[in-house]
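Once you scroll down, you'll see the structures, which are given as C-alpha cells.
Look at the two complexes coming up: subunit A is in both, with subunit B in one and subunit C in the other.
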Partner chain A sequence: MVEQAFFFQNRSGDHLFGYQHIPQNKGKTGIVFCHPFGEEKHRSYRSIVEFSRYLANNNVPSLRFDMRGSGDSDGDMVEATVDSQVEDTLDAISLFIEKQSLDQVVLIGLRYGAVIAALTADQDTRVKAIVLLSPVIKGSIYWRELLRTRQLSSVSHNQKATRSSELLEELETNGQLEIEAQYVSQTFVSQLQKIDMSNHKPNFSGDILVCDLANDVINKELSSKVIQQYSGKECYAEIYSEEERDYWSNLALYDQFYPDKTFEFSRSWLIKRGVLN
Partner chain B sequence: MPVEIRTTSDTVPPTTPTNITAPSGVLFAQLHLPTDNNFSQCVIMLNSGMMNRVGPQRLYWKFARQACEEGIAVIRVDLAGVGDSLAEIDETHFDNHRKEDVSAIIDYVREQWPQADIILQGLCAGARVSFKAAIVNQNVVGLLAWSTEIFTASQNMPQSPHEPEDRLSDYEVSNTLSRFFNFLIRFKFLSPKWWHEQYPGGKGIKDEIKHVAHCTFKALRFSGDQSKGEFLEAADEYLKTNRKVLFLFGEYDERAYSEFHSRFPQIPRGADLGQCYEVVDKGTHTFSTAKSQHQLIELSIDWLKQQSSNISRA
Partner chain C sequence: MGEISTVISDFIVTQIMHGSVGDKLTNDRLLLEEGILDSLGLQQLITFLEVKYNILIDDEYLMPEYFTSVGTISELVQSILDQ
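== the complex of A and B ==
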C-alpha cells in the first residue's frame, strides 16, 4: 500500500491538500472523503485516517482532502461557501479519477461533510454511492449549534452573555462572524441555513447508506426522512446504526475511538451493492 | 472588527509534505520554507495532545504561514499516533509523545539545513515534550512554550507513569478546597438532584473523596509546589542552561498560568528577554479566538526575530 500526500489546485487556483491511500491491487472504484466543519474535522481526523487505511488494506483506494479554508489547504474559511466546497469536491473527484485511472467513486461524508457529499452527488454522475456518517440534516439546526458554541465560549470566558440576535446583527453588519477562531461569511450561513436533507429533492440515482449512532434518537428519526427522499428516486437507500460512541466530539481527542463496526459495515454494504469488488 | 491573519496564497511560500523516520516509525510533516533558502531559524511545531499538525482552530497552520513570510522556516509535525503519521503510540496518557521522536526530527532539520537555529514549539502536552527533547539535544537554541501544563492536566486525563502520582499544585488544592467548602456551606449534600447530576450512578464519588482528602493533607503540610517528575526536572535543567524560552499563557487559562507562576517565580514577564513569559489577552488554553491567536502569533514571531540576533548555539 502506498500513502501519498500532495497539493493540487482547484478551479479557483487555491492549493488544496490531498492524501491518497493506494493499495497494490486496486479496483476501478475509489472513495473520496468529505470532512466535517471546523473542530469536528480535527477531532475525527485520526478516525478517518484509520478508515482510509482499513479500506486500503482491503484493496480500496481512497482520497482525503481539505476543502479551501480548512486544514492544510489555502485560504480562510471566510472565503468558503457551501457551493465552493461542492466545487472543491468535484475537483478532487476529477483529480482522483484521473490520477488513479478509476471509473467511479463513492463519497463518504461525516457530519457537515455528509451534506457536501450529498450535494456533490447530485451534480456528478461519476458518484455511484454515498455513505453519510451521522449527517447534519438540517442546516438551520447546525447553524444554531455553531452559534451556541460561540455564545458558550463567551460565557465561559467570563464575558457578558451574547444573544444570538446580537451575533446575527454582527454577521449582517460585517458580512462575517467569528466561529471557532475563524470567520464564516454571510453567504456561507445563508446557504447552510437553506439545507434540509430531510426535504431534499435529490438528483442522484445511486446507492445511499446513512450511518447514525445507535443512541442518537433525533438524528435517526431525521435520517429515516432522508432515506424516504432518496427512496422515491431510483436509489437504493438504507440506514445503519450500531456504534454508540461518537468520534468527533472533544472527548475523541483524549480517548480515541475508531468506529470499526461502521468501517466494516460500510465496506461490506458497498460490496453487496456491487459498487466495490 | 475581524482580525486579519495573513494566509493568502499569493504571498505565502508553498507548503511541502514530507516524511521523517523516527524511532516510533514514520512521522508526517508539513514544511514551510521561506523563499530565501538561507534562513537562520527553523521552528519545529509539536502536536498539542492528539490534535494534528493543523493545530486547534488552525492555529499552527496560521503561525507557520505567517512565520514563513517573515523568513522563518517552520515544520509542523504529526507525532506518533497523531494525524497522518504511520507511527503508532504504545501508551495512551497525557505525556505519551516521545522525546526520541522529537530528537529524530531535530536530526532531520540539522541534516537538511545545518545553518538554521532550531527552536521547538509546543502547546500543552507539546510544550512538555519540547523541554524533555531540548535537554538531550544541545542543538535546540530556544523554546516557544504555549500553555505549558506545569503539573499534569486535569484529573480526568490518564496519568503518565513517568510523572509523580502526587501532582497537586497549590492552585489545584485551593480550588478543590474552595469547591468543597462551597459544597458544605450551601448544604448541597442534602440535595439528591445535585448528587445525581454530579455523580450519575455514583460513578466518580470515590475518586473525588480521595482527591479532596489528598488536597486537605497537602494544605495542612504547607509543602508548596514541590512535585517533581520527568517534565519538571527537564524544565529546571533547561532553564539552568540559559537557553532561550518564551512561555505564553492565555489570560483565561488560569490554572496553567497560576501553576507556572508558583513553580517558576524567577521567570520575568515581558516577551523581550531570553527567558520570559507573557500573557495573551482573553486567551484560553488553546487560544480559541481569532484575536488571541493573532496576539499569540505576533508575540511569538516578534520574540523569535528579536532573539535571532543574539541566539547562539551552545
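== the complex of A and C ==
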C-alpha cells in the first residue's frame, strides 16, 4: 500500500489537502471520504484513517481530503458554505479519478459530511454509491445542536451560557458566529438550516446505505424516512443499524475504539451491490 | 431521585467515560472540574435526558451549577419534571 499526502487546487484556486491510500492491486472504484464539521471532524479523524487503511488492505483505494476552511486546506471556515463544500467534493472526485485512473467512486460521509456526500451525488454521475454514517438529517436540528455546543462550552468552563437568542442576534449583526473555535457565516447557517434529508428529492441513481447506531433512536426514525426518499427505480436504498460507539463525538474513544463492524458491513454491502470487487 | 441519579450515572459511565455497566460514579463527583464532561459530553447527556424524560432543558438551565455533579443534574431533571 502507498499512502501519500498532497495538495490540489479546487475551482476557486484554493489549495486543498488530500491524503490517498492506494493498494497495490486496486480496482476501478475508489472511495472519497466527506468529513464531519468542527469538533466531530477532529474526534473522528483516527477512525477515518483506520477505515481508509482497512479499505486499502482489501484492495480499495481511498481519498481523504479537507474542504476549504478545514484542516490543512486554504481558506477560513467563515468563507465556506454548503454549496462550496459540495464543489470541493466534486473537485476532489475529479482529481482522484484522474490521478488513479478510476471509473467511478463511492462517497462515504460521516455526520455533516454525509449531507455533503448526498448533495454531491445529486450532481455527479460518477458517484455510484453513497454510504451515510450516522448522518445529519435535519439541518435545523443540527444547527440547534451546534448552537448548544457553543453554549455548553461556556458551561464546561464553569461559566453561564449566553442565551441562544443573543447568539443569533450576534450572527445577524456581525454576519458570523464562533462555533467550536471557528467562525461560520450567516450564509452557511441559512443553507444548513434548509437541509432536510428526510424530505430530500434526490437526483441520484445508485445505491445508498445509511448506517446508524443502534441506540440512536432519533436518527433511526429519521433515517427510515431518508431511505423512503431514495427508494425507487433509480436507487437501491438500505439501512443498517449496529451496536457501535459514537466515535465521532466521544473523546474517550479516540484511538481506543474503531467502528470495525461498520467498516466491514459497508465494504461487504458495496461488494454485494456490485460496486466493489 | 435515586433512579434518576442511577440513569445519569450509568449514561456518563458507559457513553461518555467509556466504562462498563456496573461501574459507579458517586453523586458528588465533580464532573466539570475533573473534565469528565466537556461541551460535547454535556450535549450528549442533555439530548439523552430530554429524550429519556421527555423534557426540555432550556437556556435558563445552561449554567454550571446545574451540571456540577450527578446529584445536581438529577435535581435539575426532577425539578423540570415537577413543573
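The rule is simple: the second predicted complex is superposed on the first by the 264 of 277 C-alpha atoms of A that agree within 3 Å, B and C clash if a C-alpha of one lies under 4 Å from a C-alpha of the other, contacts with A are read in each partner's own complex, and residues count from 1 in each chain.
Throughout what follows, contacts are C-beta pairs under 8 Å (C-beta built on N, C-alpha and C of every residue); 3 or more make two chains touch, one makes a residue touch a chain.
The shown structure was predicted, so the numbers you read here are calculated from the model rather than taken from an experiment.
Asker: Which holds for A:164: it touches subunit B only (first), subunit C only (second), both, or neither?
Answerer: second
Asker: Between subunit B and subunit C, which makes contact with more of the residues in subunit A?
Answerer: B
Asker: Based on the superposed arrangement, let me know which partner A:75 touches: subunit B (first), subunit C (second), both, or neither?
Answerer: first
Asker: Taking the superposition as given, does A:152 touch the first partner, subunit B, the second, subunit C, both, or neither?
Answerer: Touch partner of A:152: subunit C, not subunit B.
Asker: Which partner chains sit in contact with A:256 here, subunit B, subunit C, both or neither? Use first/second/both/neither.
Answerer: A:256 sits against subunit B and subunit C alike.
Asker: Who does A:25 touch here: subunit B (first), subunit C (second), both, or neither?
Answerer: A:25 sits against neither subunit B nor subunit C.
Asker: Should A:101 be classified as contacting the first partner (subunit B), the second (subunit C), both, or neither?
Answerer: So A:101 meets neither subunit B nor subunit C here.
Asker: Per the definitions at the top, what is the overlap between the subunit A residues touching subunit B and those touching subunit C?
Answerer: 39, 153, 156, 158-159, 253, 256
Asker: Under the definition above, what is the set of subunit A residues touching subunit B in their complex?
Answerer: So the residues of subunit A touching subunit B come out as 3, 5-7, 13-15, 17, 19, 38-39, 42, 45-46, 49, 70-72, 74-76, 78, 153, 156-159, 174, 176, 178, 180-183, 253-256.
Asker: Quick one: in the complex, what on subunit B touches subunit A?
Answerer: Within the complex, subunit B touches subunit A at residues 1-2, 5, 7-9, 14-15, 17, 28, 30, 49-54, 56-59, 61, 81-84, 86, 92, 156-157, 252, 282, 284, 287-290, 293.
Asker: Name, in rising order, each residue of subunit A that touches subunit C in their complex.
Answerer: Subunit A residues touching subunit C: 39, 43, 145, 148-156, 158-161, 163-165, 217-218, 245-246, 249-253, 256-257.
Asker: Which residues, counting only subunit C, touch subunit A once they are in their complex?
Answerer: 15-18, 32-33, 37-44, 46-47, 51, 59, 62-64, 67
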